[in-house]
Amino acid sequence: MGVTNQVLTEKLNEVFGGVAHLLPELCLVSGALVILILELVLKKDTWKLKTGLSVVFIALAFGSLFIVESSGLLFGSVLIADELSFTFQVIFLFTFLISMIFPSQKWELRKMGEYHFLIFCLVLGAFLMVKSKNLLIFYLALELISISSYILTSIGFNKKGFEAGIKYLLFGALASGVMLYGMSLLYGLSGSLDLLVILSGQMDGQLHLIAVFLLVVGVLFKLSLVPMHIWTPDVYEAAPVSVVAVFSVIPKLAALVFLFRTVSFISDDSVQIMVVQIISWLAVISMFIGNLGAIWQNNAKRMMAYSSIAHAGFLVIGVIVQSEFGLQSVIFYSVVYSLMNLGVFYLIACMEKNDLYQITDYRGVGKIIPVVGISMVVFMISLTGLPPTGGFSAKFLLFSALWSTYETSQLSFLLWLFIFGLINTVIALFYYLKIPYMSIFKTQIKQSVPNITLKNKIVLALISFLILVLFFKADLLFDLTNKYSFVFSILP
Amino acid sequence: MIVIETVHIDQMWLVFLIPMLPLLAFLVAVFLKNKDFAALFSTVVSAAVFFVAVEVIISHYGSALYYSMPWFTVGKFTYNVGILLDKLSLVMIGVVSLIALLVNVFSLEYMKHDEAKGRYFSFLGLFAFSMYGIVLSSNLFLTFVFWELVGFSSYLLIGFWFQNEEPPKASFKAFIVNRVGDAGFLIGLFVVFVFFHSFELPYLWNEFSEFGKPDASIGISKGWLMVMGLGLFLGAMGKSAQFPLQTWLPDAMAGPTPVSALIHAATMVAAGVFMLVRVFPLLSIPVLDVIAIIGALTAFMGAFAAFSQNDIKKVLAFSTVSQLGYMVMSIGVGSPDAAFFHLVTHAFFKASLFLCAGSVIHYLHHENDPQNMYKMGGLRKYIPFTFIAYTISMLALCGLPFFSGYFSKEAILSGVLEWITYSSMGGIGWKVLVPLFAFISVFMTAAYMGRQYFLVFFGKPKWTARKQKESWYVAIPILLLASLSFWFVYSLSPFHADTFLLEILRYKGSVGSEHLINPVILGMVSSSLAILGLFVSYLLFYKKKAQHFLNKIHELLGGLSASNWYLDGVHSILIVQPVMKLRMYVSHFDRKYVDGLVNGIGVLNVVVSQILGWFDKYMVDGVIKLITVISGNLGNVARSFQNGRIQMYFVWAVLGIVLVLIVLF
Amino acid sequence: MIENHLLSLLIFIPLIAGVVLLFIPETSSGLYKWITLGTLVVELILTLILLSGFDASQAGIGNESLQFVEKMDWINLSIGSTSAISIQYYLGVDGLSISMVLLSAIVLLIGVISSWNIKENLKGYFSLYLILTASVFGCFLALDFFLFFLFFEFMLLPMYFLIGLWGGVRREYASIKFYLYTLVGSIFILIVMIALSISVITPDPEIDIHSFDLMLMMDNANFIPDSVLSISSSDTLLGLSYRLWAFLFVLIGFAIKLPAVPIHTWLPDAHVEAPTPISVVLAGILLKIGGYGFYRIAYSIFPEGAYYFGWWIGLFGIIAIIYGALVAMAQSDLKRLIAYSSVSHMGFVMLGLAAITTQSISGSIFQMFSHGLISVALFLITGVIYDRTKDREISNYSGLAAAMPYFTVIVLITFFASLGLPGFSGFIAEFLVLAGAFDGAMSSEVIAIFMPIVGVLGLVLGAAYFLWTLQRMFFGKYWIKNEEWTLPDLTTREYIMFVPLVVMIFAFGIFPGLILDLSNETIMSFVEFVQEQGKQNMTLILENTK
Amino acid sequence: MDSITEISLNAIAFYFLAGMSISSGLMILFSKNIVRSIFLLVVVFLGVAGIYMISNAEFVAVTQVLVYVGGILILLMFGIMLTNRIEGQALSVNHKRFLPAVLVGGLLFYILVTSITGDANFHQFNPKTEIPGDITSGFSNTQVIGINLMTNQILALEVTAVLLLVALVGAAFIVGNKLKPEE
Amino acid sequence: MIPIEHYLLFSAALFILGLLIAIVKQNAMMVLVGIELILNAANINFVAFSQNDPNLSGQMFSLFVIVVAVAESAVALAIIYKVYQHYSTSDLDEVNQLNG
C-alpha cells in the first residue's frame, strides 16, 4: 500500500501541477461566481457594475493567458495547451468583451447577473474545448457550452425565446446522444478515451469509421454544419442579439479547433482522406444551404444564421486542408469572421434598439447616418469576401491553402470544394448586398432618425477599420500565426 | 512606258494646294457664319484651284511624279500618304477642277435664295477635297480613305434639304449602298496587304510585269487574285453605280441639281471607273470578264430604265448609270484608255446636261412639280442658252459625229468588238451579250434623250409663263461645258479620234492594239443607231405618232422600266427585309433567351413573379433571373427543412447522418 | 522627384480628394464639383507629364518594357518557415497600358463635366466618382496581380452605388445585375489568381516566395516545376491541361467585362439606367479593362491559350460584331442602341486579339482607345436629349436638325466616326483589326478567313443602324411627341464636353501615330512573344498531357 | 469469447434483462398513454441497471437506479404533470412521422447491425493503461472509480461541478425569473 | 461471458428505440424520454467495454453521462414549463412560430 500511496501521490502531484496552467479558466470561473454572488446580494439594477466586473475578469483572464506557460499536456494529458488554443482563447475573450459593450436594449440583459454567469461558463466551456484531448473532457466542455447556450437562448423571456430554447435543447441533446454513442464505440474499439490514442491507432472496419463520424456529428452540431445545422436559424432569430453574437463566434470556433485536432490526429492516411472528403462535401452543402437559405430571409438575425451556416462551410476548409498554410489561414479567417460577425450583430443591435428588426425596416438608415451605411457596406462586402476587406484576404488565403493542398495531393474533391466555394461567393452577394441596398438605396418610411449614439458609431467605425486593416496589412495578423508550427510536432 | 520618278516635296507643294484649298474653303464656310462670303470664297477657291491645276498640268504633263511620306507605322509596316502625278491624274484634276469651278459659279445663282447656302458651299469644298484626294493619292489605302470621304460628302449633299421627306432617305440609301461596295474594296485591300505588303500603286504595278499576272515571287493564288480583283471592283460598283448597286444613284437626285451635275454625273461616280483604270494591271482575266458583263448589263439596264422616267433629273441619272456601265464595260473588255476617254467626255456633257436640267428646274421652281417633264414643254424660247447647251450636250451623249461622245463611244465600241473577236475564238458564249448590249444602248440612249429633249423644249408650254431671264451665272457655265463637247477640243478630225486622251495611260489595253474594225464603218453604224433613236423619239414625242403603240409598250414594259427593273423591290426582298427580320429575331433572341435564358423555366414556375418581386416585379430578364429562380427555388428548398418542427429537424439530421454513413461505405 | 512617384500620384490624388470631400460640410456643396474637376485636371496634367516622359522606343515585353516603375513590398505573408507569399505594390506603364491611362484621364475629366447637373447628394456622388477614378487608374497601372484584382474589384462598389443611387427608373435592378455579372467574372479571375500565386515563385533560392508579379508569371521558369500550372505539368482536367483552363477562366472573366456576346446583357441595362456621366465612364473605360485584361493577363501569362482558343475568340468577336449591330438596329431607345453598338465595337477588340498579328493587335488597342472617345461622345449625345426631355425613344423625335443644328453637327460627326469613316479614329482601328485579322487568318490559321470578311459586313451593318437613327431622329420634318418639350441647342458646358472630344476623335484619326507609336514597339515584342512562346508552350503541353 | 454455447447464469440474466428492456422500449414507442410509458421507462432503466450489475459495474448500476429512477423519472413525471391539463382522461400523446422515423431509424439500425456483426475488431480490445496497473490492482471496481475520479478525471469532476451549477442556476433562473419583458 | 457484440446489438436497439421515440412522440417530455434512452444505449457500450479495462474509464464516462443527463433534464423541464406557459401546450408541433 505504501508503494501505491507513493505512486498515487506522484500522480496527484502530476495532475495538480497542471492547475497553475488553468489560471485563465480559473479567472473565468471566479468571474462567474463573483457575479452570481453579487446578483444574490445586490438587488438593485446595477448593470454597469456587473458589466464592469465582467470586463475586469475578462481582463484578468486575458492577462493570465499571457502569464501561464502555454504549452504541453496537462492533467495527465487530458488537455493540450498550445498556441492554437491560446489564439482561440484570445479570440473568445475578445468576443466576450465586445458582447459586453453592445448597445443597451430595452430588455437589458446585462442587469441580470445570471447572464454574465452563463456567458462566463460558456466561454469556460469553449476554453476547455479548444484544449481538450480527452473525449470525456470534450463531452463535458460541449455540454457546458450547450447548457449555457440553451438558457441564454431563452434569456429574452419571450415566447420565441422559449420555443427556440426547447428546440435548441432537444436538438442538442439528440446530437450529443448520437455523439456519445460514437464515443462509446470508439472507446470500445481503441480502449482509450484519449483522442490521440484513439485516432492514431490502426483503423479498420466500418464500425470504426461510423464511430469517428458519429463523434464528428457532435462537433458539427456546434459548428452548425450540415446536417446538424437546422437549429441555427431558429435560435439566432429568437435569442437576444448580443447572445447571438457570442453564439456565432465562440462555440463555433471552439468546435472548429476540436475538429481540426481530431482530423489532424488521424494517422491513417486513407481514413484521414475519407473523413476530409466527407467533411468537404458537407462543407459544400453547407455553403449552398446557408447561402441559398439566406436569400429570402427578411429577419436580419435569421439571415445571419444562414450566413453563419455558410461560413461554417468555409471555416472547415481549414480543417480539410491540413497544412501549415491552411492552419494559418483558418486562424486568420476565424479572426476576420469574428470581427465581421461582431460588427454585423453590433449593427443589428443598434437597429433593434430603434425597433428595426426586419431588413426592410432598414430602409434609408444608411443614407441618413453615413457611418452606419459605410460600415454596413464594409461588413457585408467582407462577409461576401470581396476586396478591400479582411473577408477577402481571409477567403483568399484559405482558398490559396486549399489550392496548394490540391496541387500536392491532386484529390479531386478539393477542386470541387474550391470551385463551389468560390461560386458561393456570388450567391452570397445576393443577400449580403440586400442590407446596404435597403439601407442606402431605399428611402426611409418612418420619419424619425434612428438614435445611434456616438459610442455606437465609434465602435462600428473601429470594427470597420480593423476589417479594412486586415486587408491592407494582412501580414500583421498572418505573421503572428507563423510561429505556430506546433500542431504537427505534437503528433507522435 | 513612262518611268515613275520619285521626287521631293519641294517639287510638289503646288499640288498640295489642290486638295487643301477646298478644305480651307470648307473650314471657312463652317466657321464663318457669313454665308454670302462663304459662297464667294468657295467660288474664288474653285477658281484658284482650277488655275493651280492648269499650272500643274502645264508644268508636269508628260512626266510621272511620285511623292510619298510615312503617315503612321504599325509594327514594321508603314502606311503612307503620297501623291502620284501622272497624265491620268493630271487630266482628271483638270476635268474635276474645271467642272467644280463651273458648278460653283452655277450654284451662286441656283442657291441664291437658300437659307443654308453656307452649308452648301462648305459641303462642296469638302467634296472637292475628297475627290482630289482620290485622284492624287498614290496608294490604295489613301484612295480608300478619300473614297469613303467622297461617299460622306455625297451623303451630306444628297441630304442637303434634310427637312424634306425624300433627301434623308436617299442619302441614307446612297451611303449604305456605297458601304457595301466599300466592304468589297476593303477585302480587296486586305488581299493586297497580305500578299503584296504594300498599297503603293507604283510598287503594285511593278509587281505585275504582265497584266493580271503578278510575279511568281508574290505567291498569290489565282483564287485570291480574283478575290482581290472582284473586291476592288465591288468598290467601283458601289461608287460608279453598277448593277446591282445602281439603285442609289437615281434616288440621289433628291439633292440640289448642281450637286447632281458635279457629283452624280461628272466626278464622284466616275471615281469607280478612275480607280479601275488605276488598278487595271492588277485585274486578272476572269475579273475583267465579270467587269465587262456587269458593265454591259448596267449600260443596258440604265438605258432601259431611263425610258419611262418622268422626272427630268431621273432620266439623266439613269443615263449616267448607263454611261458608267459603258465605261466599266470598256475596262472589262480591256480598253481602259477608251473608258477614261469616255469618262472625260461624259463628264463634260453630262455635267452640262445636269446644269441645263438645273436651269430648267430653276426656271420653273415656282411650279407645283418643277421636275416633271410632262409639265414642261416649249422651253426653248424661254431659256435659249439652256436650249443650245442642251442640244449640244445631248448630241454628244448620243454619240453623233462632230461631238466628243462620238469619239469616246466609238473607242469603246471598237474595244468591245476587238475583245469579242479576240475572246470568242473558242466559240461564242455569253460574251456576245456585251457587244449586243453595247449597241442596243447606243440606240436607246439616243431614244430616251430625244424623248426628254422633245418633251422639255418643244411642244406647248404646260406651265404659267413668267418673265425671267437666264442669269449669266447659269448661262456661262452651261455654255462652256457644252462647248467642251465639240470635236475640235479633242481631235482635229471630226470622225477620227486622234487625241492625246487616248494616250495618257502608261499602259494600253491588254488586248490587241491593232484596229480590227474600220473606225469609219463603226462610227457610221453607231451614228446611224443614234440617229435612228433620235428619229424614233422625234416621231413618238414630237409628232406624237404611233401613240397606241407607245401605250402598248408602256403597258408591257413601263413598270419594269419606271421601277428600274424592280431592283429596289428585289433588294428589299433579298436584303433589307431579311436584315430587318433578322434584327427583330436577334433582338428577340437577345431579350428572351440570352437575357432571359431561363424564361422557359420561369414560365413553368408558378412562383416566378413572387420570387422576382424582390427586385422588380416586372423585370423580364436574364441570367439574373436564372440565378434568382434557381437559387430562389433552391433557397426555398433549403428553407423547407426549416418548417419549425423540431422533430422533423431530427429526421433531417438523422437522415443526413445516415446518408453520410451510406456514402462512407 | 515627381517622376519617381508619378503613378502613385495618379492613384492617390483622387483617392485623397475623395476622402477629403467627405469632410467638407454640405453647406459648401458647390465646392464638390470644383474639387473633383480640379482633381481630374491635375490627373490629366500628370498623365501628360507621364506621356512626355514615356520612351516609346523602348522595346521588349515584360520587365524590360516597363517605365516609371514603382515597386515595394506591401504584404508579406510567411507560411511556416519554408515559404511565403509576397504581395507587392508594383506599378508601371508600358506600351500596353499607356494609351489606356491617357484615355482614362480624358474620359474621367469629361465625365466630371457631364456630371455638372447632378442635383442630389453631391457629396456622395463626387467622392464615389473620385474613388472610381483612383481604382480605374490603379487597374491600368498595377503590375501585381493582387493589386490589379484589388482595383478591379474595387471599381465595382462605386459603380454599383453610382448606378443604383443616381440612375434611372430601374436603377436598382441594373446596378445589382451589373455587380453580379462582374463579380462572377472576377470569381473566375480570382480562381486563376490563386492558382497562379501558388504556382509562381520568385527566383530566390532561400525560400519559396509565392509571387503575384505579373511579369514573373510570364516566364515559364518561375513556375514551380511540378505545379499544375507549370508548363511541364502533365495533369489535366476533363482532358484539358490546367494552363488552358486557367486561360479560359481569365478569358471568361474579362469577357464579361468587355462584354462578349452571350454574357453581355448586363451592359444595356447598366447603360440605360446609369446617369449619363456614369454611362460615359462605363463605356469609355470600364469595358476597356476587359480588353486590357486580355492582353495583360490572359495572353501574357498563357500565350498557348491564344493558339488553342484563338479560333473561338475570333468567332465570338465576330458574333459580337454582327449580333451587336443587329440588336442595335432593333432598339427603340437611343441609349440602348448605343449600348449595343458598344457590344459590336468591342467585338473588333476580340477579333483583333484572336488574330495575333501586329496589325490586328495594334488595331485592337487603338480600337479600345478610339471607342473610348467615341462612345463617350455617343453617350453624351443621349445625355443631351435626355436632359432636355427625359425621354430617349427614337420614334418620339423627328427632324431635330432643324431645332438643334449644332447638336446635329456633333451627332453627325460622332455617328460617322463611330461607323468608321476615314478621318476619324474608329476607321484606323477597325481597318487595322480587319487587315491584321485577314493577315492572321492567311498566315497562322489561328482564325478562319471568313471572320475578317464577316467583320467587314459588320461595318455595313454599323453604318446602317447609325444612319438610320440619324435619318429618323434628326432629319425630316421637325416633330416631337410632346409639345411641352423644349429643345434648345447645346449649352456652353456641353460644348466644352463635345468640342475637345470631337477634336480628339478627329486628331487621332488624322494622326493615329500619336497613339500607335506609343505602343508600337511593345506590341511588336508582345506579338513575337505570344507567337513564339505560345507555339512552344502549345507543343510542350500537347506532349506532356498526351 | 468463444463460449457462446456456455450458458451461464449471467448470460441468462443478460438476455432476459435485455429482452425486457427492449420490449418495454417498444411498448413505450407504441403506447399512447404517457403515464404507462413513464412506468415502462422505469422497467427499461431497471433492466439496464441489471445489465450493469452483471457487467461488473455495480457503482454505475446503483447510480443508474438512484439518479434515473429516483431523479430523472421524477423530473419527467413532474414535467408531465406541470405541462398537461389533467381533466380526468388518461394522459395521452399523439404519434406522428412514423414513416420517416421508421425509415431513417431502420436504415441506421441496419447500418449499425451490419457493422457490429461485420468486421469490427473487438477481440483485440487491449486497453492502454492510463495509470500504472499496480495502482488499481487489488482494488474493487468502486475503489478504482474513486481513485480515478480524484486523479485522472479530477478535471472532469470539477467541470461537472460547474456544469451542475449552471444547470441549477439556469433552471431556477428560467422558471423563477419574475421580470416581465414586453413581448 | 456474454459476447461483446450482444451488448452492442442491445445498445444499438435501445439507441434506435430512443431515436424513434424522440421523433414520433408529440409530447416534449416524451422526446426527453427518447433521448434518455439514447444516452443509456451509449452507457451500456461504455460499461460493456470497460469490463476489460482495468482503469474502468468507460464506467467513469457513464457516470458523467448520467450526471449530465440529469442537468440537461432539469434545464429542459424548466424551459418546457415556460414554453407551456406561453403556448399552453407541450405538443412540439404546435410550438413552431420560428420557421423558414
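Labels for the chains are A, B, C, D and E, by order of writing; each one numbers its residues from 1.
FYI, contacts are C-beta pairs under 8 Å (C-beta built on N, C-alpha and C of every residue); 3 or more make two chains touch, one makes a residue touch a chain.
Everything quoted here is computed from the prediction, not taken from an experiment.
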{"item": "Touching chain B and also chain C, the following chains", "value": "A"}
{"item": "Steps needed, at minimum, to go from chain B to chain D via contacts", "value": "1"}
{"item": "Reference chain E; chain at largest CA-centroid distance", "value": "B"}
{"item": "Most distant chain from chain D by Cα centroid", "value": "B"}
{"item": "Higher-contact pair (C-beta pairs counted), D-E versus A-D", "value": "D-E"}
{"item": "Distance from the mean Cα position of chain E to that of chain A, given in whole angstrom", "value": "26"}
{"item": "Whole-Å gap separating chain A and chain C, where each centre is the average of the chain's CA atoms", "value": "43"}
{"item": "Inter-centroid spacing, chain B versus chain A (mean Cα positions, whole Å)", "value": "78"}
{"item": "Separation of chain B from chain E, taking each centre as the mean of its C-alpha atoms, in whole Å", "value": "95"}
{"item": "Junction residues of chain A, two or more chains touched", "value": "136, 140, 143, 147, 150-151, 154, 159, 165-167, 170, 174, 178, 188, 191-192, 206, 210, 233-234, 296, 426, 430"}
{"item": "Residues of chain D touching at least two other chains", "value": "96-97, 100-101, 104-105, 108, 111-112, 116, 120, 122, 125, 127, 130-131, 152-153, 156, 160, 163, 166-167, 170-171, 174"}
{"item": "For chain B, residues that touch 2 or more chains besides their own", "value": "627, 639, 642, 644, 646-647, 650-651, 654-655, 657, 661"}
{"item": "Interchain pairs in contact, sorted by label", "value": "A-B, A-C, A-D, A-E, B-C, B-D, B-E, D-E"}
{"item": "Residues of chain D touching chain E in the complex", "value": "1, 3-4, 8, 10-11, 14-15, 18, 21-22, 25-26, 28-29, 34, 37-38, 41, 44-45, 48, 51-52, 54-57, 59-60, 63-64, 67-68, 71-72, 75-76, 78-80, 82-84, 93-98, 100-102, 104-106, 108-109, 112-113, 116-117, 120, 122, 125, 127, 129-131, 133, 136-137, 141, 144-145, 148-149, 152-153, 156, 160, 163-164, 166-168, 170-172, 174-175"}
{"item": "Residues on chain A engaged by chain E in the complex (per definition of touch)", "value": "135-136, 139-140, 143, 147, 150-151, 154, 159-160, 162-167, 169-170, 173-174, 177-178, 180-181, 183-185, 187-188, 191-193, 233-234, 237-238, 296-297, 302"}
{"item": "Chain E - residues contacting chain A, complex", "value": "4, 8, 11, 15, 18-19, 22, 28, 31-32, 35, 38-39, 41-43, 45-46, 48-50, 52-53, 57-58, 60-61, 64-65, 68, 71-72, 75-76, 79-80, 82-83, 86-87, 92, 95-100"}
{"item": "Chain D partner contacts - residues on chain A that touch it in the complex", "value": "3-4, 7-8, 11-12, 15-16, 18, 29, 32, 36, 75-76, 78-79, 106-107, 112, 114, 117-118, 121, 124, 128, 136-137, 140-141, 143-144, 147-148, 150-151, 154, 156-159, 165, 188-192, 194, 197, 204-208, 210"}
{"item": "Touching residues on chain B, where the partner in the complex is chain E", "value": "639, 642-647, 650-651, 654"}
